[in-house]
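Labels for the chains are A, B, C and D, by order of writing; each one numbers its residues from 1.
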Amino acid sequence: MSQQGQGQASTDQLTVEKEIVDRVIARFGDKVKLAYVKPRRIRFNVSKDIILEFARYARDELGFDHPISVAGVDYPKNKLIDVVYHIGSCTNDKFRSSVLVFAVQLDRDDPVMPTLIPIYRGVEYHERETFEMLGVIFDGHPRLERLLLPEDWADIPPLRKDFHTKGREE
Amino acid sequence: MGLEIDRERIPGFDVEGKDADGMDKGILTLSVGPQHPGSGHFRLIVKVDGDIIVEALPDPGYVHRGEEKMCEYRNYIQNIPHLERPMIADSCGILYPYVLAVEEICNIPVPERAKYIRVIMAELNRCIFELYWLGIYGIFLGHSTMFMWPMADRELLIDLAEMASGARVTHAYFVPGGVRNDVPDAFPEKAKRHLLYFRNRLKEYKDIFYDNPLFQARTVGVGILRREDAINLGATGPVLRASGVEHDIRKVEPYDVYDELDFKVITMNEGDSFARAYVPWLEMYESVEIALQALERMPSGPVRTKLGPNPKGAVGEVFKRVEAARGELAYYLVSDGNPKPYRVKLSVPSFREIPVMAHLLKGAKLADMPSIYWSMNYWPVEADR
Amino acid sequence: MLRELLSPKRESSRGALDGERPANFNILVGKLSEVLVKAIDKPLGYAINWGRLWSLWPVHLETACCSLEFGAASGPRYDVERFGIIEAFGSLRQCDLMVIQGTVTRKMAPRVRMIYDQMPEPKYVIAMGACAITGGLYFDSYNVLPGIDGVIPVDVYVPGCPPRPETLIQGCILLQEKIKRTRFR
Amino acid sequence: MSTVSEFTFSNFVKSVLWLLFWILIIVSLIALPIIFIVLFYVPPPVINGVEINPYLLLTMLTNPQVGAPLIRPTLESLFFRIAVFPGFTFAALFATVLIFAERKTLAKMQLRVGPYHAGREAFWWANSLGGFLQLIADLLKLLGKEIIVPSGADKPIFWAAPAVLVIAAAGLIALIPVAPGWVIADIDVSLLAVFALLGFFPLTVLLASYASNSKYPFIGGLRALYQLISYEIPLILAVLPIVILASTLSLTGIVEAQYSYWFILLVPIGAFVFFVTALAELERIPFDLPEAESEIVAGWLTEYSGMAYGLIQLANYIKMYALSALFTTLFLGGWIGPEFLPSIEVFNVQVLSSGEVSSIFWFTIKTFGVALFMIIVRGTNPRVKIDVLLRVGWSKLIALSFINVFIAVALLYLGVVGVGH
């Protein structure tokens, strides 16, 4: 990726990322875990108990108000499913070019977490998709039902690693 | 209206649709799509009370092809052709962030000339998509000439893209490490000629389509999306900018050589269907400007870094976003050190417009449905992946 | 058409072993009606079959990304209306041609079948694009049918990913050749 | 059983010749005896004092001069007027030409070619017609198409509606004079009769949509009802000043009142209102809400297939011809125009006078021009919304119509034009 642009950006941008990290750590302390800080990307691992509080803080105080993506990643080795929220900012000019990533690590056998619709209305369909692709159950979601898959889908959720399409079994 | 309706005979009159007094409101459930001239590969379950839409439930998934699962079975290079299929009207736009992400995770340098060629092709594809979109908008509003004119001009730009890449719509032109092949020698001159013609032609669109009072009656003040709603619902691209948010990834987080080029971010404050249709028209001017500038400054040199047969990614994850024609298009790529990606997540603008659409359609008139639906830049194939 | 209307029992009357009617029952009337029917039906059959060649109205059904090239084919440069194929028609009750524009997913397949069943006879199907023929690039996807011909009968296959509009027009001309050779019903 | 093995033009010609052969056999063996038996009891028709018997017809075959004096009386007979000119055949032909003109004009406006290649494999001259055979192909195809009746449909109404629409549209053309004396029903209140016939359409459309037992047709039918009924009022009001100025309700009288001025010069607002409301009555873009594709599939036409659909389209275009002709009659002076064409004579017997030929020419040209204008409006405008449509109809168009009436009354009182003028 464009090394020049990235290099320039990283020198003056990383201060912004540091500021975000400092503010989050000051607010939540040990409850959140900083995964990495990269130019314009900060990822925290948040437990599902404080996810609503964290998201509300990110939206109201930090200005990360623009939901971009909700992705689920299945890690069968660690018995975990990560639900990764990517949130951008439209109102806070300082943080505008950054993307706040926060992940909730759920137990793979019982993936339940509260929905973030009260904070970001835009994640409704992303969460529905994560539900049917990985089987993550979002508590309080108004319509947690089939979205993309056919109505008669009877297999395990397709994006889990133990689901293999025909002819691709390893 | 005084006409006695035999509710048994008209299927779809919702018997439960009663108001507080226990009176039958006569709510009619319409299934708009998947075979409907106003839907495309998509279904909207619309409940109408008279002419007012009470509830609109989007039902995507008719073109869900499992791109994300397929990515896990193919290596980084093999993923290129099928990843551009969801959006072949803007195939460079949808491949751009993937290529950027693979370059970052595999640490591949890009030659300078390739960056310029990428920008030119991305902007050409933006115009190609917007023209197709505008044409279909015309069909949705019952204006067949508005379909044909952009279609005719689109072919000129497709000629340019075909000249560079060899394919009409599915270019597969961006590869990790540059572009697949250099443009022909005659390309810059022809591109300039076509782009200047196209820019003159755009003025006529305004005269014929946008200034038409009936077009304005269909779109002005229809489906107003407020700024706060646009942000909170995750709207993106022209939809977001038409609501007055100056948010363009090309400015916010410049990739390749966008930070060296001079262009404006188009915003409008109305947030109605007209603004959402007018912003792309203004953006096409900017795209032509960007492409012309990039053609001027394009250096000579190699266009592609030689790669090994099976590039491996570093362990980790990247999140890359670009401004495609429909808005912010992002790839979330997780690598476990293998030649194949561990997880690829496409965050496509069309999918993000679904809640916006459901929000705007609620309370709108049935006659406004096509105008709102298509002004969302919604492309079902892309949304379903 | 007319023939069945006027002499519906002609096949059985020929079989004398059935015992229903003797074979030579009123042979003059039988011959005359046959001649009458043929005299009208044969030229009319030719004419109607010729009309079907040049008046293929496609149903507005999009299944995947090939619809883009279908739209381009009805655009000014390719203009399929030259061949009597008008772009995107409203109701499927008035359509004769069904162009499967690309990948058919498992969610779409029952709908495609339903739409096909609702169309009036005669109806023709063009499978457009590699995905509609074999599944194409998506051969190993969990949600894609390996070709549409397991769901509905296909008349013409137009390969390509996506096929260029010229290829689609050639497919339509092939379909016309096929209709020419079919027997008028 | 197998009738068609392979379609070729020579096979087609062969089959036609075969048909002709059998027709000759059947005519000589069956039809001729029947005719003579019938003639024995029924007296032959008498035209211009000459009895039309089979011998005379046979004589005409060998010596056409005998028939020449009979042509003019035939043209003046009621049957010819209803069936051929200016009746149904002329209107249907005009409608066919309109469909073709519409497709080609729209194509030209849209940088396309439009229908072009139809029939080129069978007829080497097909391309030189510029695609006119396309319409014949469409018609033949619709003839051979299955007609699906939805389950639960009200079958009698479902079947009757297309026919009623065609009949009502054809009824309109009976009232319109194409040349002096060339009108099927020259009644004193023909303008009222026109509006009475226009009243058939909303009801038929509503019944057809209701009989389809489907949702989209039902919405389309209600929309059609709104639209047609609310636009009939400005339609009638727009014509009121003409009745004031011409002081007659007869269409022939209205045309004759325009020998000095065309009414479009005196009441241009009325012409505008009439044109707009005519577009709405015809359900054409920008007022094609009852058939709005992107909203309600095909509106009230959704469940009609095959020839039923073809009949409805035919009715629409005949209606388009009728309303264009009405516009010509009311505002553009009908048949009035310079007499420049020669008279038509057959064996030195005058069939049509110079005046009549010119009148028919001018009437046709003007009507076609108005229809072309409607087509151009279709090519340049999107569809409007139902609320905009109703608001414009009830507030603006009616207000304009009233202004129009005042202008007419003022003209009358100022003595510019009118009864005594």
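We take it that a contact is a pair of C-beta atoms (placed from the backbone, for glycine too) under 8 Å apart; a residue touches a chain by one contact, two chains touch by 3 or more.
This is a predicted model, so every value here is computed, not measured.
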Set of chains whose contacts include both subunit C and subunit B: A, D
Centroid comparison with subunit C (C-alpha atoms), farthest chain: A
Inter-centroid spacing, subunit D versus subunit C (mean Cα positions, whole Å): 33
CA centroid of subunit A to CA centroid of subunit B, Å: 23
Subunit B-subunit D separation of Cα centroids, rounded to whole Å: 46
Subunit A and subunit C: spacing of chain centres that average the CA atoms, whole Å: 49
Multi-chain contact residues (two or more partners), subunit A: 148-150, 158, 163, 165, 168
Where subunit B touches two or more other chains at once, by residue number: 36-37, 61, 64, 66, 69-70, 73, 139, 147-149, 152
Residues of subunit C touching at least two other chains: 76, 88, 90, 105, 107, 140-143
Chain-level touch network, classified as line, ring, star, complete or other: other
Touching chain combinations (by label order): A-B, A-C, B-C, B-D, C-D
List of subunit C residues in touch with subunit D within their complex: 1, 35-36, 38-43, 45-55, 76, 79, 81-84, 88, 90-91, 93-94, 96, 118, 120-122, 176, 179-184
Residue ranges of subunit C in contact with subunit A within the complex: 105-107, 140-143
Subunit B residues touching subunit A - in the complex, by the definition given at the top: 58, 60-61, 64, 66, 68-70, 73, 100, 103-104, 109-110, 115, 231-236, 240, 245, 247, 252-257, 259, 316, 319-321, 328, 330, 332, 334, 342-343, 345, 347, 351-352, 354-356, 359, 384-385
Touching residues (chain side subunit D, partner subunit B) in the complex: 106, 109-112, 152, 213-216, 218-219, 222, 285-286, 288-289, 292-297, 379-388
Contacting residues of subunit B [partner subunit D, same complex]: 1, 9-12, 28, 30, 36-38, 51, 138-149, 152, 208, 212, 214-215, 217-218, 365-370
